[in-house]
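To keep things simple, chains are lettered A, B, C and D as they appear, and every chain counts its residues starting from 1.
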Amino acid sequence: MKKLINDPGAVLDEALAGIAAAHRDLKVDGENKVIARAGGTKVGKVALISGGGSGHEPLHGGFVGLGMLDAACPGEVFTSPVPGQMLAAAQAVDGGAGVLFIVKNYTGDVLNFQMAAELAAEEDITVETVLVDDDVAVQDSTWTAGRRGTGATVLVEKIAGAVAEQGADLAAVAEMAKRVNAASRSFAVALTACTTPSSGKPGFDLPEDEIEVGVGIHGEPGRSREKLRPAKEIVATALDAILADQPLAAGDETIVMVNGLGGTPLIELYVVFHEVATALADKGIVIARNLVGNYVTSLDMAGVSLTVCKADADMLSLWDAPVNTPALRWGS
Amino acid sequence: MKKLINDPGAVLDEALAGIAAAHRDLKVDGENKVIARAGGTKVGKVALISGGGSGHEPLHGGFVGLGMLDAACPGEVFTSPVPGQMLAAAQAVDGGAGVLFIVKNYTGDVLNFQMAAELAAEEDITVETVLVDDDVAVQDSTWTAGRRGTGATVLVEKIAGAVAEQGADLAAVAEMAKRVNAASRSFAVALTACTTPSSGKPGFDLPEDEIEVGVGIHGEPGRSREKLRPAKEIVATALDAILADQPLAAGDETIVMVNGLGGTPLIELYVVFHEVATALADKGIVIARNLVGNYVTSLDMAGVSLTVCKADADMLSLWDAPVNTPALRWGS
Amino acid sequence: MDTDLARTWVQAIAAAVEKHKDHLTQLDSAIGDADHGVNMHRGFSATRMALADYKAETPGAVLVKTGSTLISSVGGASGPLYGGAFRAIGKALETPTTDTRQFAAALAAGLASVQKLGAAAPGDKTMIDAYAPALAAFQQQADAGADFAAAAVAAADAAEEGMRATTPMQARKGRASYLGARSIGHQDPGATSTALIFRALAETVGA
Amino acid sequence: MDTDLARTWVQAIAAAVEKHKDHLTQLDSAIGDADHGVNMHRGFSATRMALADYKAETPGAVLVKTGSTLISSVGGASGPLYGGAFRAIGKALETPTTDTRQFAAALAAGLASVQKLGAAAPGDKTMIDAYAPALAAFQQQADAGADFAAAAVAAADAAEEGMRATTPMQARKGRASYLGARSIGHQDPGATSTALIFRALAETVGA
């Protein structure tokens, strides 16, 4: 294993120290492992908290700031955070208008956030929880832990964050978060496996000419193992899976994210985006907004995920609202 | 070779098409391979043009926009662009106040930009050229093609871009670019080699327990091949090399960039930044501003480069000036 | 079971987890995300520390503390599940000593907690597939009037059998469920740690 | 040399570059950035196309066009260097036909262009180490009154010898210079393509 770390057990603490040193707009509570806005939450604003295992940076800490999250709770690498973290975060950022937990649908995250919500309720903090479960690679969700939460998390956090910033109440913020999740689908393909610091070995073996189609962001297996093929065909596979699950019509407006899984050069992501844009244009589907880059990574995994959100006018205008976080920044 | 591409020969064209589709604020001339601001250059503003081989994304196209470059000329992967590109760029963005070429010091880039400057002069466009040569890994520069241009390019483009935006004339913009370059030093370490699409094989062989210390952004060899060691020691090596070349005193203010080479997870970059911040703090050196992320990459290479710029008050205030590009964005 | 025995049991689990950490992680790397050993180790190290200067009057207090510490230190799916289970077991052991039947009832409360939280059924290839047979064996022994040590050994044996029986199962809960049929042929990490927990109990009371 | 011969020469270079593309890239991968073959191939493919419908009255016009096309299509260090060289050679061949001495002078102008632009000296492990001996051999033959074909063969032989002589050299220019002593033991890619260019000349005039 080759990593720029000191000690596999210290990665999270040291990365948090680095985040604290790098970003003045963030306040890092190293004890409770909470990343929050330095300025705190405006009284009366609904606070958004997300979290999950580390190793997906910039998710979630990189999305803390004006117009997006109020706090993030990073767990150990690929391990859900513990309820105490979310409770500490909720206590730190509750502005009196309640807290929205944005939770990616993994058993560990769901259970820990659920316990945190119970603890918060005991402290008289009102909590609503929204599950993100956009990964269409997971079929038969009655026979599994359900669809995994992946790329749509960024869209949910951005759009719900914007509506919260505008002063919406907790129910309305939760409602918008659910709408964005319901409108979003993702699908990922891995070219290589990722290696966690603590295991030191790639999570799975992938021969030099094969790809994992439908991979999860912790290296969970996908629908199938297939031969490496051109970007155009990989994009077709991902788009087919997404559109089979949520058909889109000509004229529909979308927000599209082409997301690198951590080890993929940006130039390849642009090649992929070109294919996505071409394929959607052929169907008359409009890419109204887009993100191309590393947003929800899987450590050093080479590969790409595609997220398509069928966006209505509200979502688009909330998308355009100012955001000022380490990883997403626009407007003013 | 595992890459998300269609055809090794088409990577640049297709990536440019992707950039064009993704960024409304940019205008991409696919014929001449020029990425420019969609809005053009204000009359009377000095235009900044940079360029170089592709494979270092977001450099340079990702730095085109308000407060930074007016145009970028991407060459083939790891191959300098051709003079016709720079000429087309100069013709497209000259606002009558002249053009600054920002050139990383590689023989190919230097020669091609030099020819472009001659061609531009024939078209009555005034051109100044600034060479960036910050890589302290190259010793004995009298016996080599000189120091390579790497991470400092981002700082030069940002700060010179800001002064140009304020209306400075060509001489003043060039002067500031030179000042930033002169104040900056970089050093990189590779954990893995990168693979170009056309060669299809890693540029060098690096055993599982070794690192290339002082590597260049095209996989040029560094000072030595050494055993993998903890981030703290790798940072010490890089910082020692940088500070040996340009000693800094307690109280000196710096802009520090911890830059991923393409295949390094962001969480590791934060671990590295923590080490840099700790080591500089021990010496009383102030990190006044910082960047942590992928800015000057080397395709899929795992590794990190460290850039330290001894920044004066002018540089810091220009650093803070608004910038609105795909890869760097703040202010308003 | 008394307070000291509860402490010794938790220590024994911590020792077993430490010893089998890499094995658990390896199992989790085949069908999960390669962290179960690390997670359990983090949790039981924290528990060891938490119990060191914790004054308890009942075995229940020890086990509630154990559960709370697991919840606040493990993360992942196993943290709340085991944490909730130990808390439930502990809450059912309010007297300074308990007999075999009372302990069987406490173990049943623990399993109920896991099932309530995780909504998994036997056969879903989870810790339940070791826990449920272990509980059944313990109960049977208790009902038959066996002593604590004999019941604990029966439970440990049953847990290990249940653990091995997860290998041919297809996972339907947790991360392994994403593998679908590909999860078949691998032993469940959580069932494996559950077997360690029951074996630790048997060794503790047998010693 | 006349206009047709100039065209044939450039075609022959293009064919040789196509054939040896991977070899050139492989050499460049050892001490450079693994693109020399791709660069040269891109340049001479473009040149082939550019010359196809280009009406030229002199060999010089063909070679100036070749140089300009290389400049506008190769990039890297070799683009301006070879482009400038062909332009300089072409500019020295203004008449419809030229004799061996005139061609020697043209080749000299080409080398001067490379040296002016790249500032490399013989022994720096660059294309100059093939070009300079090739030119010297050609000049010597021309001065001795040899015919064009003989001079070209001598030049090609000398270029190849010069190319091989780059192997033990330590690079002082271009990307390979960063290797320092580690560049020793590898043949220079640019010297290798220069040898192809002179061999193509010999084969063209000898055919």
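Convention: a contact is a pair of C-beta atoms (placed from the backbone, for glycine too) under 8 Å apart; a residue touches a chain by one contact, two chains touch by 3 or more.
Everything numeric in this text was worked out from a predicted model, so none of it was measured.
Following the contact convention of this document, A is the list of chains adjacent to both chain B and chain C. Per-chain CA centroids place chain A at a distance of 32 Å from chain C. Centroid to centroid, with C-alpha atoms defining each point, chain C and chain D lie 76 Å apart. The distance from the centre of chain A to the centre of chain B, with each centre set as the mean of the Cα atoms, comes to 29 Å. Averaged Cα coordinates give chain A a centre that lies 54 Å from the centre of chain D.
Those residues of chain C in touch with two or more other chains do not exist in this structure. Residue numbers of chain B whose C-beta contacts span two or more other chains: 77.
If touching chains are joined by edges, the resulting network of the protein chains shown is an open path. Chains touching one another form the pairs A-B, A-C, B-D. Note for the complex: chain B touches chain A at residues 2-7, 11, 14-19, 21-22, 54-55, 57-58, 62, 77, 191-192, 208, 211, 228, 230-232, 234, 262-275, 277, 287, 290, 292, 294, 297, 299-300, 302-304, 329-332.
The part of chain D that touches chain B in the complex is made up of residues 25, 29, 33-35, 38-39, 42, 71-81, 84, 117-118, 172-175, 177-180, 182.
On the chain A side of its complex with chain C, the touching residues are 53, 75-84, 106-108, 111-112, 114-115, 138, 140, 143-145, 148, 196, 198-199, 201, 203, 216, 218-221.
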